[in-house]
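Look for subunit A in each of the two complexes below; its partner is subunit B in the first and subunit C in the second.
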Partner chain A sequence: MKKIEAIIQPFKLEEVKESLKAIGIDGMTITEVRGHGRQKGHKEVYRGQEYTVDLLPKVKLEMVVADDRYEEVVQKLAFSARTGKIGDGKIFVYEVAEAIRIRNNDRGETAL
Partner chain B sequence: MAKPPSSLLAERSAEVDQAVLAGRELPETGCAILAVGGYGRRQLFPYSDVDLLLLFESDKFALASKASISDFLRRLWDAGLRVSQSVRTPAECLEVHHGNPELNVSLLDQRFLGGDRALYDGLAARLPRFLHASREPLVRNLAQLARERHTKYAGTFYHLEPDVKETPGGLRDYQLLAWLHQLREGGALEPSPELEEAFEFLSGVRRFLHTAARRDANVLTFEAQDGLAEEAHDGDAGHWMRGYYRHARAVFRAATRQLETTEAKSSSLFAQFRDRRSRLSNADFSVVRDRVHFREAHQIEHRPELVTGLFEFVARHGVRPSLDAEQQIATRLPAIQKVGAPWTALARIFSLPHAPLAVRWMHETGALSAIFPETAHIECLVVRDFYHRYTVDEHTVIAIENLWNAPEPYRTLLSEVERAVLLFSILFHDSGKGSGESHVEVGIRLAREAMARVGMPAADRETVEFLILRHMELSVAMQSRDLYDPQTGRDLAAVVATVERLKRLTLLTYADVSAVNPNVMTPWRADQLWQVYLIVHAELTRELESERVAAAPHPFLEGLPTRYLRTHTQPEIERHIAMAAAGGIAVEVVRREAAWQLTLVAPDRPGLFAAAAASLSSFGMNILRAEAFANRHGQVLDSFTFEDPHRTLDLNPSEVDRLQSVVERALAGKADPRELIRNRPKPPLPSRKASIAARVSFDNEASQTATLVEIVAEDRPGLLYEVASAISESGANIEVVLIDTQAHKAIDVFYITAEGVKLSTERQAGLAETIRAAIAG
Partner chain C sequence: MTPALLAQTAPADPQARIAALEASVKSAQMAGDNAWMLVSSALVLMMTGPGLALFYGGLVRRKNVLGTVMQSFILMAVVTVIWAVVGYSLAFGGSSPVIGNFGFAFLNGVGSTPNPDYAPTIPHQTFMVYQLMFAIITPALICGAFAERMKFSAMVLFTTLWSLLVYFPMAHMVWGKGGLLNAALGGSIPTLDFAGGTVVHITSGVSALVCALYLGPRLGYPATPMKPHNLVLSFIGACLLWVGWFGFNAGSALSASGLATSAFVATHFGAAAATLGWLGAEWIEHRKFSVLGGISGAVAGLVAITPASGFVKPFPAMVIGLAAGVVCYLMVTRVKARFRYDDSLDAFGVHGAGGTLGAILTGVFATSAVNDSFKDAAGKVLPLGLVDGHGSQIVNQIVGAGIAWLIAIVGSLIILKICDLAVGLRVTKEQETEGLDLSMHGEEGYIFES
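So, the complex of A and B:
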């Protein structure tokens, strides 16, 4: 099993969710986060005051998928989250040691 | 006839009594078993905990009996009872447990089940005296628990999927009433028929939920609502839920009233505050015990304005209507609906600091839907979806409350708009829900009817229609548009068209989104919305000066900002073209509903705008809004919306002509503005208590060709003239002006150039000083 963690642009969330749903992935955890990478903050001027936006709003998606699915999921995810501009985000993939469904103690991929 | 739920609960309690006594193998002396909590009061629900209190004469004896206690409890578990037990000595039962107020509360419902009768009698004899002596801290603890619980549910019973036990107006609140009554009066609550009916109803619902889920489930889910509606042969769950809300409302109101009187009695500080508030009383209303009453309720018949007057009092002072006043209003709803209320009266209520409280009570008493019958069908309306937590009417009231309590920067933004029109827009933004058609279109239709009836000025009506039509625009953009793509700003600016509308739409969006459920307006989302505001604001600021009308059907329009075309109607534009035709100075003063308007077309020259402002001030007029634009042919078009506080123009029609000719002479340079203004009594300077600190800011980035000066200051007569002439006298040229005034706050935006280019930093600094001096007078 692999855990896929993706940081994406907030406005891409619906599109990404839809495209993952289309390949049968509908369980995921979504968090509103802030951060910055090489896409540094920018400046906004209001009332003569400069608002520097250091940390940009992003959305983090987390999901765990079976080993034989993760390539496909990552590809779909990257494709649907892409605008081609700086700030599109990143995807990280981790190995998962175990998955347990709390309700009935299912283990491994059946618990996903 | 089916048995009432309460008798089913009592039967269940009796069955459990048998089971408990059958399993009892405890010492016969030195130990007694008490039923407490819901079980103690014989209101045991099928899957509720069976609360037992094992009373031991001493800790030592309890410790020694440990083995027999666990045997006893195990037998009860095996018999299928969910036991929740505590082991106490009489001394422990007779002290206040601040860390565990539930223990004290549970004893209010205690009864003897078995064991050492003498031991129990000893406790029972001392308990009333303990409760009486300790009632202050007990009541305080109880009230605090209740307040915390209410806060957890946002203080409202209008949840789409309420918890029948914990949500305000649920069974816990009914119990709270009984407990407070017991502590205060020392006896059992004798509920009114309304409360008794509500209790039976809620008990029936909770029994249903337990039986259906086969566990202690208390959330009235959509699924359960369907089941209950079917069982009650009330096919429509939405209709059935209205019944639920009616009962919950009865319980919640009785509980909050009891809480308040109890707290008031407990706190001398509060009593002092309350007494101080009684000084707010006037000829029509009296404040007694922190509640406003009609002095002479029978007068309402021939003075219907007393009803709106009462809510204005509420909105002004933040004092709620008394029970009596509520009833007076409730019995006169048909008459209130027949008479209606004029917009002037409603706008006064909606603009005052405690407007949300007034709206809440207008809603609670039914006066709101009597005045606006268009909103009656959203009352208790359940619209099922994943993220809405409240009924549509409650969503609306919460939206208003949230906006009035919004943090910065929304708080400042709110101080820059006309609140009454905004509040009205919020009241109607979802009024079209539940109709089956597009809720936006229906909402606009309903708002139109209401606005026509109450007589809202045409300009405000346009704003309301725009806000309802576009109320989802910004939240959709937040979710689905790339905020860092310049096209997003351009598209939204084209929809919103002016900064004034953008401010209102941003505030409406804040209110609407934050009232969906208590968790949705996270700092993250509040930031996102503010980003949308900033990018659209930046775009509107840029294009105002930069985007000029190019190919126009008439030469007069060439070079005017595109804003001009967006904010003026075709007849207005034709009128301006006619005024410009002669090529000289043309001035027109007309009455526009609540305010007056001065429009002028003239060849541009330095100091022109200041001269017009000075002429108005010299007549004692208050300038509310102004704009000044220039076209490509060196003609300027200035318009001023102003109010006439002394009704000079209304009462002396000849003064209209005189004002017009003074403006013409000032524009032609035949009258010195300084002289004009000198004849006026010196306006009062901003008081030291003024809450608005003057701010002057420059921006050289916003526009491609001009420097933007934004001034936020406390408004006063003559301010605009002082500021405009300070700019002109510094040698700068005023290209575009936008002036807005809201509740003593003037927001002036000037686009200026010097020798045809933007101002240098040094020149900005010098001008800032001059403007500050002008503001300070």
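So, the complex of A and C:
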């Protein structure tokens, strides 16, 4: 099993969710986060006082998928989250040691 | 007595009929004036809560939103009680030059019979409660300067003493019978202040600067970003202030008269021009029109037009507004940055500067064509400002503003020292970091998980 962690532009969330749903991935956890990579922030001015905002709002998606599906999921995800501009985000993939469904103790890929 | 009733019960004697008619006309005028003045009183209270409370509440950080709205709200209660006990009497009792007396203490003698000196066509009690609303908002304006760092107990003590030592004497000098600066009721330095430019805005704005300097900046200022946490609240607050200000300025005519209309119009035009003035200055510098800039400009214009509102025509009102928008913009951007004081919500930059500018420009643009209530002994209407050829009025305006500055500075310094010794002014560093909402009030403004 692989854990896919994607940090994307907030306005791309719906598009990403739809495209993953289309290939049968409908379980995911979403967190509103702030951060930046190479993207520069922006400037805000309040009564002449300038503030540079470099931590920008992003959405973090986390999902765990079976080994034979992760390549397809990653490709779909990257495609649907892409605008081609700096700030589109990143995807990280981890090995998962175990998965347990709390309701009935299913183990491994059946728990996904 | 209604006219219909009068017709049915009219006595045959023409003299008696005329007397009855006069009484009926007088009571009709009183009803009209009283209706407008009760509405105006409510409008001015609305300026403090929720108007100013939201305007200031949105400008602070999220952890201080309740602490900030509470400062405005508690004054609606505290000042009201002080007003009933001695405040009204110290502001409007007696006829000495500097402060009132105890003649109206505990509202003794303040009933439905009009007070002919102040407002002959409304119940004395209406006049009293209308003036109370001004006494409430004035100390609330100061709270913008010491936002996010003053102890609640110190703030209540400060504003109580400030009302007694600064506001009531100043209100008496400008509006009280025989007051030193009262242009209508025998002052020796007649100053034109229609709705409280000196009494309300200069005293509060200058006291705000003294507070900001005495308390020192907020922890981390100016290095740490301290962005307004909710400009939507500030926007709602500013719009409520704009509407409430019609009660403040047009209500200061103390009647539902043509003068009230004139003040209403001047107020609105001044605010509109000031909005454009601030936004224009901001666009020249930053190439953006910000909401905060627009609402700050509107408030600056409302401040500056306050002393002039019952004396100027619509176009001069717009000149005053435009000037206030630009000057106050420069005050909060240039002057504050240059001297690095933490007037957190710009109470001095808007009310102190806008109030002073408005007081002086009143001496320029005031005209008897708008307000002909000042007459000499022979009954001839007196010229008012420079546009009437009475340039020396500008000197009186400067003296009046100077006295307001002096009382505000000296009074505030003494009171701050007293409060500092009695309860301590600032919250601890831990409390300031935690925020006033939790440390002073034990609650949070925004709880999204419940």
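Criterion: the second predicted complex is superposed on the first by the 111 of 112 C-alpha atoms of A that agree within 3 Å, B and C clash if a C-alpha of one lies under 4 Å from a C-alpha of the other, contacts with A are read in each partner's own complex, and residues count from 1 in each chain.
Simple rule for what comes next: a contact is a pair of C-beta atoms (placed from the backbone, for glycine too) under 8 Å apart; a residue touches a chain by one contact, two chains touch by 3 or more.
If you're wondering where the values come from, they're calculated on a predicted model, not measured in any experiment.
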Fit-or-clash call for subunit B and subunit C when the two complexes are aligned on subunit A: clash
Touched partner set for A:G87, first subunit B, second subunit C, both or neither: first
Residues of subunit A touched, compared between subunit B and subunit C (which is higher): B
Partner chain in contact with A:P57 - subunit B first, subunit C second, else both or neither: first
Partner chain(s) touched by A:R47 [first = subunit B, second = subunit C, both, neither]: both
Partner chain in contact with A:R34 - subunit B first, subunit C second, else both or neither: first
Partner chain in contact with A:Q9 - subunit B first, subunit C second, else both or neither: first
Residue range of subunit B overlapping subunit C upon superposition on chain A, of 130-138, 562-570 or 742-750: 742-750
Intersection of the subunit A residues that touch subunit B with those that touch subunit C: 44-49, 51
Interface residues, subunit A side, partner subunit B - complex: 9-11, 13-14, 32-34, 42, 44-49, 51, 53, 57, 83, 85, 87
Contact set on subunit A toward subunit C in their complex: 44-49, 51
Residues of subunit B defined as touching subunit A within the complex: 478-484, 522, 524-525, 527-528, 531, 534-535, 537-538, 695-699, 701-702, 710, 712
Of all residues in subunit C, those that touch subunit A in their complex: 222, 225, 227-228, 282, 285-286, 288, 290, 292-293, 296, 329, 332-334, 337, 346
